[in-house]
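Both complexes shown next keep chain A, but they swap its partner, so chain B is in the first and chain C is in the second.
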Partner chain A sequence: MSENQRRPITARRVILLLVVLAVLLVPIPTFHTPHSRDVVIDASQFEYSPPRLNINRGDTVNVTLNASDVVHGFFLDGYEIDSRVEPGISQKFTFTADRSGKFRYRCSVACGPLHPFMIGELVVGPNEPVWRASALAVVAAAAVLLGARKRRMA
Partner chain B sequence: MKTMSRESPTDEKRFDVLGRMPRLRRMVLSRAFQPVLMLLLLAPFALAVTAGLLGTSAGNRNFGIVFVWIVWWALLMVLLVPGLGRFWCTVCPIPAPGEWIQRRGIIGGVAKLRTLGLRWPRRLRNMWLQNAGFLMLALFSTIILTRPSVSAAVIVGLTGTAVGMSLLFEKRTFCKYVCPIGGFIGLYSMVAPVELRVRDAQVCVDHRSKDCITGNENGYGCPWMVYPGKLDRNLDCGFCTECLKTCTMDNVVVNLRRPGTDLGKPVRGKRIDEAFKALIMLTCSIIYPAVLFGPWATVKAWAGIESLGGWLIYAAGFLAVTLVVMPGLFWLAVSRGQKRSCSGLTIRQAFNEYAHALIPLGLASWIAFSVGFALTNGSYALAAISDPLGWGWNLFGTREAGWTPYLSSTAPGIQAVILLCGLIFSVRTSLRVGFRHDPSGATTMQATSPVAVFLLACTLALLWLYLG
Partner chain C sequence: MTGKMGNRAALVVLVLVLAGIPASIVGYQYWLRPALADHRVVDIAALVPENGGFSPDLIRVGVGETITLRFAADDVAHGIAIGPGLDIDLGQIDPGHVGEVTLTPDSPGVYTYYCNTWCSPNHWRMRGILEVVDPTAAGAVGAPPDPIIEALIAASVDIDAKPQLAEGISPDRPNGEQKLETVEVPPGLLDPTWRLSHTPAEGLVALQAQNPEVADDVLTDVTAYLWSEPTPTVEIKELFAKNCAACHGELGAGDGPAATSTLETPVAFADVAWFRRGDIWYAKIRRGGMGTDMPNFGTLFTIEETRLLVDYLWSLSFGES
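Coming up: the complex of A and B.
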């Protein structure tokens, strides 16, 4: 393969690498000042209410956890918070949402048949992981399409 | 013994595994190879059924649920299918009792098959029954995954059907045309870097006795009713290794190859059943995380059959999305591409051919789902193995092991990477199909772009479900 043939491919790869790095590393600005938030979460078979919480990065979250039927648990992915709540006895805990993204909270105490799927969602905005991953998906699909070479696909 | 890698029709290099590993070859050629592996797996499956029928009703404490739907499922979707293709079908214990009844023994020599030997109806020689079976399981999956007795009933039902069919029909008719698990394993095995093929097709043409079909003293004629000389994709081969044993010309090989080599090859006949299999699997891999891992308790209650009315709504929505909406959108994408293409394909042909592009993303989506489920719930296995029936035993001292989700911080990132790899693989597959039908490449982009947009939309939906 001659230098003339090789050069455009290399340039394309460098551009692709720069785009990928930009997608991964360019900071996403936030316009929210951190707040203190009081949140009440009710656990019952097999759901949390509210099922989805939206907060901002840096917020301090004061959680009051209630159980309305049987004993339930509350495990927050990513933050490794684990709590157990009995009916009539609220549990309180506080954490600072210092990581952005979606984190599932799930029951950590077996509470019935659908226990493994008793799940809620905490979204700490701006949700950088989903935006970056989505942008990468667009870049990847476009790069494969535009960079297609017949001999490679044969 | 010939050990050189051979050149395929597409000039892709192969590595002849058994040629390079004589000990493994001797093991595989032994008549005991498959039955011993089946027996080894029959024991835990029998325990899973026993636990399901007699053990605790708490799914997370029952070996039947934990072993089958967490451990086995994760091993199958994350390791076995992507890594070894149809190898699960080699060792699957579900058809084992039926096959052993047919063969009048487990390991012994080759015997005349005990079966009525009926031929499967021509109209059903496709994947539609497997598609329907998988959809039935999928519709009830929430209770199958959580109720030990229901899970056991499914395994017993599949095994009973396999036994019954082995008595009535020839060979592995159940595995080939009915088994809902074998259907998707076959589809996704086309991605795997392992294949069983003939070294030189001309040797098969010239060889008159066709021992691979008729069988001989070393083994049975192909139980999957395949002529190895024409085998060109993993979907059709059950990897039972009988042809390795029966071939007198040393012409059957197990190759390592580039992953996904089967994808994008010409689809023979009207294989819209395969296209629908790919669509059903991809769609289910989107619906499952939405229903099971999503925050929507009402949908979960419907899927869990807490009320008949709710389940009917769920079932109608599930079937509509799986059989109408997604195929409709894919049809639109393909037809839009074909309008701008000079490939000469009809829309239906293009639909079948471009459906191959759904396979890598579908597999990646199932891997992402299974990784998340296994990392979150895998720790239940420690307690279940010590107390498989939930009767208070403590066989290995781990009964009191608590629930511990693994890698809860990094799991979504891992899932995202898996999905992105699947997307790239799928778009490349769509291009391979496009270039094959448009050798000049003049309109390949136009034909492929709408399919790529469809794949991208599915990926974005999955990313939103896992990360958004």
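Coming up: the complex of A and C.
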């Protein structure tokens, strides 16, 4: 078969293309009914407690933010939430975790020498890119195996 | 151009850069800016108290002289306010930014510029003095004496006394409001200044002496009504939030995040036992608590602000906030 000869459009190839498109585009069903979650985040020099929040997509998150030493801030990337908290006066805000992925929250008030390293992360699951990439790898492996068997049989 | 001449030219440029840049900065600050400005401009560097606080921390200005104060935060975010009674709040100043205020004081006095953003555990120590002097008048300027505290000291009242917290009946403020007309209130209790320098416990004794036939719980309710203000202004709530809540807690339960690091456990205003013990909050706030880590706020708040704050504190002990 020469290089510039067009490959025939076979039924196999169409099916493979449809499967790949399905893997990439079909929304992943969630088997989880969204509910409301209460989260307490404590900000101190120079960390957040908890440093990592795992939330299911669609959940409504009620955050109570406390500062335990000096004034701190809370800026959540991707959700554009900004809050400032003074020690003793807790701040409350609510957001809906409608974007999945990993988002950093960081201090937005210069609180001390290590202020730039005061970072935590919000993980809104499921982790779609990982699942889609894994499924794509499985499809690719299956296609290679099937193609090899066909060539051997020919 | 020979190599030697090129070297010399490079040396001249180097000296110009090394000497010229600092010279122009210093020259601008100490010569050009004063020459251009029609009044004095003072730069104040703000650092956390552990690293020195304000520098300078004392500024003298003559009566009628216009002065511009430029506050620069050099380490963390600070908040700058000047009090008492000047109503100057520059808000939060982030590192790298400058907060500026121009004022022309018209009477002699002593004011305090202070940080009102919790910038470090020792935040409340971050204060500087702005002294307004009258060049024509003789004698030193001092902070005006506080008439209420002077009177207390003259009457040899121990402001730092620590009586035991007493068990007893819990007051019901709304009931006190209703029953106010039915009891005979001594004129002193209707005077806000008298209430500031006397405790509710003393007020109750005075009421009992005047109304021996009325039940104690009714008189306690009336005392609670007289001593408290459950609907404070936004400014007073903010005053409490910015200056008191870090130790005394958001609702006055004595459970603020800094409460564990003070010499003495902060007072829980929300606990009604404190209403019965009845310290003279006004004096404690303005003068500070000796040996307790309670700072003095008399150099920051006006007498009126302190009075409104005290009324709010008393109302916290009945759970009406």
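The working rule: the second predicted complex is superposed on the first by the 103 of 154 C-alpha atoms of A that agree within 3 Å, B and C clash if a C-alpha of one lies under 4 Å from a C-alpha of the other, contacts with A are read in each partner's own complex, and residues count from 1 in each chain.
Keep in mind that, in the parts below, a residue touches a chain if its C-beta (ideal position, glycine included) is under 8 Å from a C-beta of that chain, and two chains touch if they have at least 3 such contacts.
Just so it is clear, the model here is predicted, and its values are computed rather than measured.
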Chain B versus chain C as contact partner of A:A110, first or second or both or neither: both
First, second, both or neither for A:S90, with chain B first and chain C second: second
First (chain B), second (chain C), both or neither touched by A:G78: first
Touch count on chain A, higher of chain B and chain C: B
Interface residues of chain A shared between complexes with chain B and chain C: 110, 113, 115
Sites on chain B touched by chain A in the complex: 10, 57-61, 142-143, 145-147, 264, 292-297, 300-301, 304, 376-377, 403, 405, 408-409, 411-413, 416, 419-420, 423-424, 427-428, 431-432, 435, 439, 441, 444-445, 448-449, 452, 455-456, 459-460, 463-464, 466-468
Parts of chain A lying in touch with chain B, wherever the complex brings them together: 46-48, 51-52, 75, 77-78, 80, 99, 101-102, 104, 106, 108, 110, 113-117, 119-121, 123, 127, 129-130, 133-134, 136-138, 140-141, 144-145, 148, 150, 153-154
Chain C contact footprint on chain A (complex, rising order): 66-71, 86-90, 109-113, 115
Chain A partner contacts - residues on chain C that touch it in the complex: 73, 75-77, 92, 94-95, 117-121, 123, 241-242, 244-250, 256-258
